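Letters A, B and C mark the chains as written, and numbering starts fresh at 1 in each.
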Amino acid sequence: MGDTLLQALSLLTQLDPAIMSIVGLSLQVSLSALVIGSLIGMPFGALLAVAQFPGRTTLVVLVNSFMGMPSVVLGVLVYLMLSRSGPFGDYGLLFSPTAMIFAQTLLVLPLIAALTRQIIEDTWKEYELELKANHLSKRQSVMVLLYDCRFSLTVAVLAGLGRAISEVGAVMIVGGNIEGFTRVMTTAIALETSKGDLPLSIALGLVLIGIQIALNWGTHGVRSWAMRRYG
Amino acid sequence: MASRIQRLIALTAILLISSFSFANESIIVASTTSTQNSGLFGYILPKFKEKTGIDVKVIAQGTGQALETGRRGDADVLFVHDRKAEEKFVADGFGINRKDVMYNDFVLIGPKNDPAGLKQSTDINNAMQRLARNNALFISRGDNSGTHAAELRYWASTNIDPKELKAYRESGSGMGATLNLTAGLNGYTLSDRGTWLSFKNRQDLEIVFAGDPPMFNPYGIILVNPSKHNHVKKAAGEAFIDWITSQEGRDAIAEYKINGEQLFFPSSSDHVAHN
Amino acid sequence: MFPIRVKDLVVMPKDRPILNGVNLTLDGEGISVILGPNGAGKSVLMRTLAGLNEYHSGEIDWRGEQTPEQRIAFVFQHPMMLRSSVCHNVTLGLKSLPLSKAEKQQRVAEVLEQVGLAHRTNESARLLSGGERQRLALARAWATKPRLLMLDEPTAALDPTATEAVEHIIQKINADGTRIVMTTHNMGQALRLAKEIIFVHDGQVREQSPSTQFFEEPQSEEARLFLKGELPWQVEFND
């Protein structure tokens, strides 16, 4: 185990180009999914927090449940959608980075929406009367809440990124792990391990862990800065 | 705040657009994990690209999944090793232009100390009987792959039902993962030679039996039928099929070695493929 | 908008009425202070007038106009501070008004100057003291140039210095043309600020009279007992 680790570390310090391109694609796919997922998920979650309509509770429960959607299940669903024999087959999107972004967006969306809803709902309870007293419309209130909760929401977004970048089930199935085209860190780790090539797996694993640590550091930093600045 | 959102949208657009490969022509080839794990594609595909400029994108699945991918039209070409299944695929109208490409062989892998005595086997049937008699721990692919199909044929020819064996396990995974399991449990398994030769986590395992003609493993290549799926890249697909069965392609296959050993033997027109 | 006439107003969120037939007329000038024991319904009355509460029956006549919510401002006892700067907090009330950015900035600067918080313009609002927060809330309300401003126990949580500063600002706002209706438990404050007293007891307005008259010659028995501090204990409502 000792020299596998050493080999892994030397691959990293050499900035092996294969590793660089795999890491690059992972970031590209997961960041894109995160941005799209947030642009849709956050306003949706915020509206869900303040709106009243029949069936609201059911919708909240559903969104919360989809937060925990197993990534392989999502992978199969998207695969069936994008396959040539499927409803969106004509676009020929299967086994491409676009398909991977699509799948990860669907994965991350409920997470961001559910977390946003919780965060906004808590603050809405606190602010509702004052916002009403200041004659803000529901839409204006949502904008104020989103801005006011920006730190907690950043933490939610970082959580989404963590989820996207560490999943393997969806990207493996809809991407196909094609060398140089759709191979990301998680699928590469799965492949290299199955070939018994552990140093490369571990090197990529270290990068993944490193990213997770960086994300959590960022989360912590955001929180404590916000506390100091705004109380 | 609105301008921040605009910037974000622009960033996404850039990320997304750059994720499309405005690259060369390409085809999708559905092949098997054993072929991918052997490293063959890494060697021969660059030669094909140099000659034709076509990118070959290989999806490694089990033979069963690859055939399904072909049926659904999600690949242009299939490159698998299960003769019977391939012929049925063509007979059912899903594929055309099937050709023999190469063969390698299957090998029985087991612990160095060989508790079931496979090293003394006279032929493949004898080897399977020894496994059954000694209640040896055997890990099967269990995933409808070409390797799995071959294994089942060997059990069938000795009239043994492997499911009745107490120490029979199915991994449901590719060859590499199955070998990992076998190494970890110190059991026996059937592998293709290519994956075995490039497998790095051998621990206590080695080849315990090989060479009997039924263990030869022929590979075939098929074009997914363009009449069934009219987006199939017929010209590029056929270019690949023609190249890999041409002298150039066959030379490339024969040149590929691991540790000085040749893995795959190109089929010739006078070579009879065994099952 | 004025005079506002309230007729037989009943507020009954559950089975017990909190306001049980309130009759009230508010003219357009001065500061009215609503007094009464805890649970009498003072805050509920103000919130209902401001449109923050539903009412069960009765009528509020805004001199024939539709409820002019835009011209009413409300300041709570513990005003909510956004996680942003003082000046951003002041703009909260201006969001619903059709003003240009420049106009908004000007108003913000003016009111912050008036309430003595100009030196804190870019600081975080949540780090202000209680008295400063209350002044910010007043600035927030004042910036909208309301016709009617309601204050719910604005100095209950403040020390005497802060209280004086806030009272001073309230008077300035009134002088600027805003009608003020507020509640307090501080008799001294009522004496200092009120032009008229509205005495609420048990969900109804028992008395509405000019300040001096109320304190010297209360009309109702409950008012007299209240001023003596001897009003019998009432069932607690959510005020």
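Brief remarks on what is shown
The rule we apply is simple: a contact is a pair of C-beta atoms (placed from the backbone, for glycine too) under 8 Å apart; a residue touches a chain by one contact, two chains touch by 3 or more.
On a predicted model such as this, the values are computed, not experimentally measured, just so you know.
Put simply, the chain farthest from subunit C by mean CA position is B. Central chain assignment: A. Criterion: smallest distance from chain C-alpha mean to the mean of all protein C-alpha atoms. Centroids of subunit B and subunit C (each the mean of its C-alpha atoms) stand 80 Å apart.
Spacing of subunit A relative to subunit C, judged by their CA centroids, is 47 angstrom. Distance between subunit A and subunit B, defined via averaged C-alpha coordinates, is recorded as 33 Å.
Counting only residues that touch two or more partner chains, subunit A has 147. Remark: subunit B residues 1, 5, 8-9, 11-12, 15-16, 18-21, 28, 33, 37, 41-42, 57-60, 71-74, 173-177, 179-180, 198-202, 229, 231 touch subunit A in the complex. On the side of subunit C, the complex with subunit A involves touching residues 50, 52, 69-70, 73-74, 76, 79-80, 82-84, 92-93, 95-96, 124, 126-127, 140. Those residues of subunit A whose C-beta lies close enough to touch subunit B in the complex are 28-29, 31-32, 35-36, 39, 83-86, 89-90, 92, 94-98, 101, 143, 147, 176-179, 181, 191, 193-198. Interface residues of subunit A, counted against subunit C in their complex, comprise 126-127, 129-130, 132-137, 140, 144, 147-148, 150-151, 226, 229-231.
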